[in-house]
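First chain A sits with chain B, and in the next complex the same chain sits with chain C.
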Partner chain A sequence: MEGASPDGAVLFGAILLLALSGVPGLFARKGGAGGERLAAVLACAGSAAGLVPAVRILFFGAELRMELPSPLPGGGILLVADPLSALFLLPVFLVPALASVYGLGYWPESEHLRDARKLRLFMGLLAASMAVVLVARSGVAFLVAWEVMALAAFFAATTEDRQPAVREAGWIYLVATHAGTLGLFGMTALLGATTGSFAWEAPAAGLAATGSASVVFLLALVGFGAKAGLFPFHFWLPGAHAGAPSHVSAVMSGVMLKVGLYGILRITSLYGAPPAWWGGLLLVLGVASALYGAALAAAQNDLKRLLAYSSIENVGIVSTGIGVALLGRSAARPEWIALGLGGALLHVLFHSLFKPLLFLGAGAVIHGTGTREMDLMGGLLRKMPKTGAAFAVGCAAVAALPPLNGFFSEFLVYLGLLRAFAGPGEALLAGFAAPALALAGGIALAAFVKLFGTVFLGNPRSEKAEHAHEPGLAMRVPILALASACLLAGLFSPFLGPGLDAAIRSWAQRDAAEATAGLSRLPALASVAPLATVASWGAALLGLVALVAAGTALLLRRQAISRGPTWDCGYARPTARMQYTGSSFGEWIALRLTPRAAAAPLEARLPEGIFPRRARVSAAAPARDPVLLRLLEPFAQRWARRFHDLHALQEGRLTIYLVYVLGTLIALLAWSVLRGWLPLP
Partner chain B sequence: MIDTLVHVLLVLALPPLLPGVIARTKAAFAGRNGPPLLQGYYDLARLLRKGSVLPAGSGWVFLAGPVAGVAAPLFASLLLPFGGHSAPVSFAGDMILFAYVLALSRFFTASAALDTGSAFEGMGAAREVAFSCLAEPALFFGFVALARISGSLSLSTMLGTGPGWVTAGAPLVLVAASWAVVLLAENCRIPFDDPNTHLELTMIHEVMVLDHGGPAFGLVLYGAAMKLFVLSALFLRVVFPFNVTDPRLDWIAFVAGILLVAISIGVVESVMARLRLVKVPQLLVGACVLSAFGMLLLAR
Partner chain C sequence: MTHPVDILLVFVILLNFLVLGTPSLRMTIRAAALQGAILAVLPLLVHRGFGWRVVAIAVATMALKGLLIPGLLEKAMRDIHIRHEVEPYVGFVTSLFLCAAGTGLAILFAGNLPLAPEHVGTLIVPASLATLLSGFLVLTTRRKAISQVVGYLILENGIFIFGQLLIEAMPFLVEAGVLLDLFVGIFIMGIVLNHIRQEFSSLDTDLLSELKD
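Our next item is the complex of A and B:
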């Protein structure tokens, strides 16, 4: 369809509404509620409007295409919204809108006079720029939108910039994102040089995967991988996601990471038959991310850092799926493509439901208790039963427990891996990847039992946790909406099949050409994965659990039930301080399955002598990622020292600089004279 | 239809017998008479009639543990072929659902333990989730290997590969050995955990349910027996993947096989001491390595 269609105008208007949602608030009375309400209304209206074309493109094949003239070098601006873009647009039009409603209760202007306006402005810009990134198909426009997105995220994440930890995390994020953007600049230039245009569109047979294509792939992997939080480019992520206000974390973790994954998909989609090592590398990095993210999540004691590390794990699962799809493309196995990419894309969608749920729930906890330290919490399920139940749903979903949505997407990824190893045709890597993902899943389960148990179960460990309370309506509604979405999305996932098929086709668009080359067409997801069967049996599982629960309730009703103190092996008066803490719970994994730099050094003052003083034991995980702490910081410091020696050249006296200028001139003169003498080309 | 009915009846009725068989085997080794074979059923009947004391401050999660502990193995059993009869539910990838349904019960059992606010139960929960995450890869390496041998992604067909013992005997031996370790570890049997010691610092599973009583504890015991039954059936189908021709004889062979597995567990428990806690992960990693080698032997 051409630009004349109303879809394009609606999409354009939606993006504009999102971008400007924070602007009217700048002119509203300071401290009043008008600006923030208007911002939430505008964001919701824009998102609702944007969902319409996104759904139409994804499910009804109404692809959009627009070419605008541009004064910038590099040709006109090409905007294309194909099903792949549309799939990634869904979270962009869902999560920020919910976050803006949540922000009414979490970050009200009346309590945050200094920064609420700024935050709303950049939240709107962040959402809009992500949408533009997803439809921009010419290199220059893409990079501009990319940079706006990176900077908007920086300003939104550093809202609490009076805290040193937030500032530091912000700088690290800024360095990381710009290092990544540097890679993307290189990639765009190289791609432009090989294809002769900055438009990212491949000929029907796809670009040839030559040597320079591999360089493009590696640059894309660094640039987009840094944004997605793929190991080992993830080092900025835990700090930035933990330091941001919770609804910003929800948007960054739920949506912005996915934009990085989209980039990897977009660039790989340009090539016809990629070499097998592309898929292999992505598979290995994906599995490494999954294991690393899960293990470090289990080691954290900060509520939000735990969630941030779990995002690294989930990005790893998505990358594993993409790796399987790429391997399938190299080996011409259409069912690997369908299963791997189908799982990856479904996980992108589902992660953008459960991770924002968890971050918003964590925000409610932080709002209620005033701390992020899990070991100060406990027993919150009694104080905030609704949030707690919703949080339990989120924990079960992120641990991929059936019948919640997280299980369905991981199911597809596993199935792709098993299919890739079981043959016909084989990928040995896939044989190792499936058990490795199972290990990561087991560790993630431990991490989320720890999170849920330490925060919501047992008894309050501190005064702060005693006085926790259920949040207001504006915060509760998004949390409950996302929790019900997590509960239902998996069971209804078969209905997403056609949309996933369309997105997979637009990634592997060369299937028509491949069909003529004697390869079979891409199969529909429903024909290679029994999603409908799994969904109906998932519903049956839910029914069975309800049945057993009802039976138990009946049994208990007939018997005498009393309440007594917890039997703690004979202690007459157990206290809440005697409970197992989160750090003890995660200790085994933290000591054995994570890099040493991640483990919490134990500081102990043990009781000594006949009249011991007050004893104290504490263990705090370092606030920096091990990769940052052990790899990047020593490296950066070494180079900083070397460059420091160059200071000697920079005396600060004009005469010295004039000597430098003179020396340079003489050297150039000598060079040009020498060139004349020597037979140089 | 009849097969499904028999399948469900077996999984509902048979599990409490297994702890009785194990206990009798151990008693025979120790020269005692031991408890009656049907002690498991008597215990259940007694517990279901009792009242219960809930720990102060616990909520719905405390009861969700026992509920998930029964519902999950029961559901998982539907995905598993019993003997030569294929599973009531089977589709490509059903073993993934099988593994994750068992994880569902682990999530709620461990959460229920944490809901009591007891230090001991928290410790047990921590051990349970930590050791189980090492058992998962051993299980999955086995799945991957079996999928490769049989070319199928469904438990019903990939487990019943009788010819596999001829063409791929060595990998199957390795997988069976690894899964035997998983069977013992996941069901908290010696050498990993001793189900008879309720009050020792080295225990894992029993400590998580110290505060459950009455009907809730009855469900815990029933669920644990059912999990033992289900994992025994999985192990049995790898070791004995052959079909007996007559369907009725096949059911009898299956029940006999399960009882044989229970007796073997009793023998293991009689002749081995429990490992020190620090050795438990080493043995589980060993199990992973075994099945990983099994998988590697199949790759070429």
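Our next item is the complex of A and C:
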């Protein structure tokens, strides 16, 4: 460590606290509350401590650098925390801590004797390993932390491993993550072969973007894209996020996906002038993810699957921004870099506020109703007003409605796309991307209107929704904290400008070197995007809403308010079955907007006769992701059939295996003899 | 063949045949124990200098291979009331022939291996390979789990003999590792055997293949 800075020690201690937060609970009395409380306290203390160096690095330029000797091959362990790492560290130190508090109410040990300890242990490990991934800058250390993260997430997500659906989702996740890690191994090896060391540091002018660099980029795209949930590597995501306990989904969706995006950024930052197709490919994949995620989100009837698909959409938005920034780098357009990457990074931060809010809110709903099926809910706003209000904030934020935070980051990405299209330059692709992204945004809005309308408005559709209740304090506090953060973060986004600038500079530092070659310097975000203006308009809008609400409350203060059932306009006997269901709401999207392969099968039993008795229509999205169902499973099955004959070799009897070993041994020895006899080379 | 090490190694090879040729489990275990005890003496003869390491290896080998492990096996045998290996996959006579063939091959192989000059004339490498192959034969041709443990033991004896070549290059480390490995392996096998017997009342590994995944 250079100068043994206190920041480094604090960061190290914070990571250690997070990693060990679940350990004391392993030795506590089973079923007692001591272990889980201690875990939450440790996680919160570690996170609070970790936020300090992260903020200092991001806003005050206190970069950290540490080199440790390592007995492993591949050189020493190099840890560097630059502003880019620090920006991604913020969610790591925010979301898991809130999730651990939430877990006190959502997954108490007294009700989950079997798996609460395991869950806490792996939640802590997951958070700590993500932090290490973000600062590890040598290949071997990075891969080790990466693998710990992937496995911790696996164990946390399969907490309810007695359910077959959860086991299957976990299995698919494991295959996906290991396939991705394989790509990363290849990438690390190739990168090490070209630079001569496993340290991921580039010379001042950046690495040359040769042919092998493109292979490195593609491998990184597969490996990191699989973790980020980028289309078409997203297939594991909906199942794993839906099957995990809600606070684990919040961490996975709010933070872990971002670690994948960070990887793409880190690797691309090493290259001086990437070829234009890198940015173009990311842009196309980003837009595809956004459209696909939004369309499938609208088709879902499972609350958490809907949120998971929306994560795919948001990852798409972020990688569209990264694509614009990469295009800007190949075309030497600093303002594209500032807007594209600024939007992407801001969206990373904001998505890690509103998506955990939605998942935690969904957890509260599931906790209250005991189901994930949206068509069994309804009218929950009356039963759980606080959660409902917070959830509404989250829905508006994820749908990018001003003045909530989601609007600000998407605004920057759009600005970047339009700037890239308007030129000077010839990024025609951006011209197609902007309307496509807008379409995705529209579908996402519809999806969340459907979600909120079906779950919180109208009348309860089932007994379960009838008896829903507001969750306890431990669950309410994180939800309300995140909701107020979503309300305010957008308005304060101009103040985030300097931090974003620092992160953008540390990604695109090569452009500073290029500045001497006559190119303009990287502009500050504030000078290219009217964030302050938008924020003040947003504040005015929020003030107006508050004013109207206060006025309404004042006017209604003297009046007696009579409350009647929803849909009470002239029906003699209104029933809950008269309402639009999630299926009926999503049907038009599911049938018209999703590609044929992904279309939801419409299950209809139409009314018959003059006095129809029972009829029902439901358009349920398939329980598995279409890419998985139509593409990967047939492919895997074909290969499984092809390899079927090899199964005879794996007979399951130890003796036979030993015969194989014996045969190999004798063959090898015989070969050594034969080589002496025969004149072989 | 006047070197005392070679005389001992001839006994080791003969014991291989005894293990493969007898249906009596007690005889098999005793033969393996005797083989272990002979091997314990081996380091003392190969290395003239009586370093404390060599003595330690000899004592540990004698204790583990000559006494403790065979003792455990005999106790297991008494506990589960099995005395004879019936119906091995390969008959006793056939396996004797296979053992002879293996020993022949071992001598053939050993002659062609690139060895250090001081080891060329001795029986160390042929005996090691022959014992290794015999261990494999026992492992693959016998049906009872307890015979397979003996096969494992003999296999390891082969490795041990080979380790004599390396005792100066890698003193103690290899031996200690292998001994520990073996002891833990047999210990676990003993526990597993006991549990399997309680659950299934049979120790026929043939019947255990139902458990495969």
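The rule is short, and it goes like this: the second predicted complex is superposed on the first by the 593 of 681 C-alpha atoms of A that agree within 3 Å, B and C clash if a C-alpha of one lies under 4 Å from a C-alpha of the other, contacts with A are read in each partner's own complex, and residues count from 1 in each chain.
Operating definition for what follows: a contact is a pair of C-beta atoms (placed from the backbone, for glycine too) under 8 Å apart; a residue touches a chain by one contact, two chains touch by 3 or more.
As the structure is a computational prediction, the values presented were derived from the model and not from experiment.
Novice: Check the residue A:434 against both partner chains and state whether it touches chain B (first), chain C (second), both, or neither.
Specialist: Touch status of A:434: first partner only.
Novice: Look at A:580 in the shared chain and tell me whether it touches chain B only, chain C only, both, or neither; answer first, second, both or neither.
Specialist: first
Novice: Contacts for A:661 in the overlay, against chain B (first) and chain C (second): which applies, first, second, both or neither?
Specialist: The second partner, chain C, only.
Novice: More residues of chain A in touch with chain C or with chain B?
Specialist: More residues of chain A are touched by B.
Novice: Is A:381 in contact with chain B, with chain C, with both, or with neither (first, second, both, neither)?
Specialist: So A:381 only meets chain B here.
Novice: Where does A:193 make contact in the superposed view: on chain B (first), on chain C (second), on both, or on neither?
Specialist: neither
Novice: Taking the superposition on A as described, I'd like to know which of chain B and chain C A:672 touches: first, second, both or neither.
Specialist: Only chain C is touched by A:672; chain B is not.
Novice: Residues of chain B touching chain A in their complex?
Specialist: Its residues touching chain A are 48-59, 61, 63-64, 66-68, 70-71, 74-75, 89, 91-93, 96-97, 99-101, 103-104, 106-107, 110-111, 114-123, 125-127, 129-130, 132-141, 143-144, 147-148, 151-153, 199, 210-211, 214-216, 219, 281, 288, 292, 295, 299.
Novice: Quick check: in the complex, which residue numbers of chain A touch chain B?
Specialist: Spelled out, the residues of chain A in touch with chain B are 378-379, 381-382, 385, 392, 395-396, 399-402, 407, 410-411, 414-415, 418-419, 421-423, 426, 428, 431-432, 434-439, 441-443, 445-446, 448-450, 452-454, 456-459, 529-530, 533-534, 537, 540-541, 544-545, 547-549, 552, 555-556, 559-569, 574, 576, 578-580, 584-589, 592.
Novice: Once bound in the complex, which stretches of chain C touch chain A?
Specialist: 89, 105, 108-109, 112-113, 129, 132-133, 136-137, 139-141, 148, 205-206, 209, 212-213
Novice: Under the touch definition given earlier, write down the residues of chain A that touch chain C in their complex.
Specialist: Spelled out, the residues of chain A in touch with chain C are 651-655, 658-659, 661-662, 665-666, 669-670, 672-673, 676.
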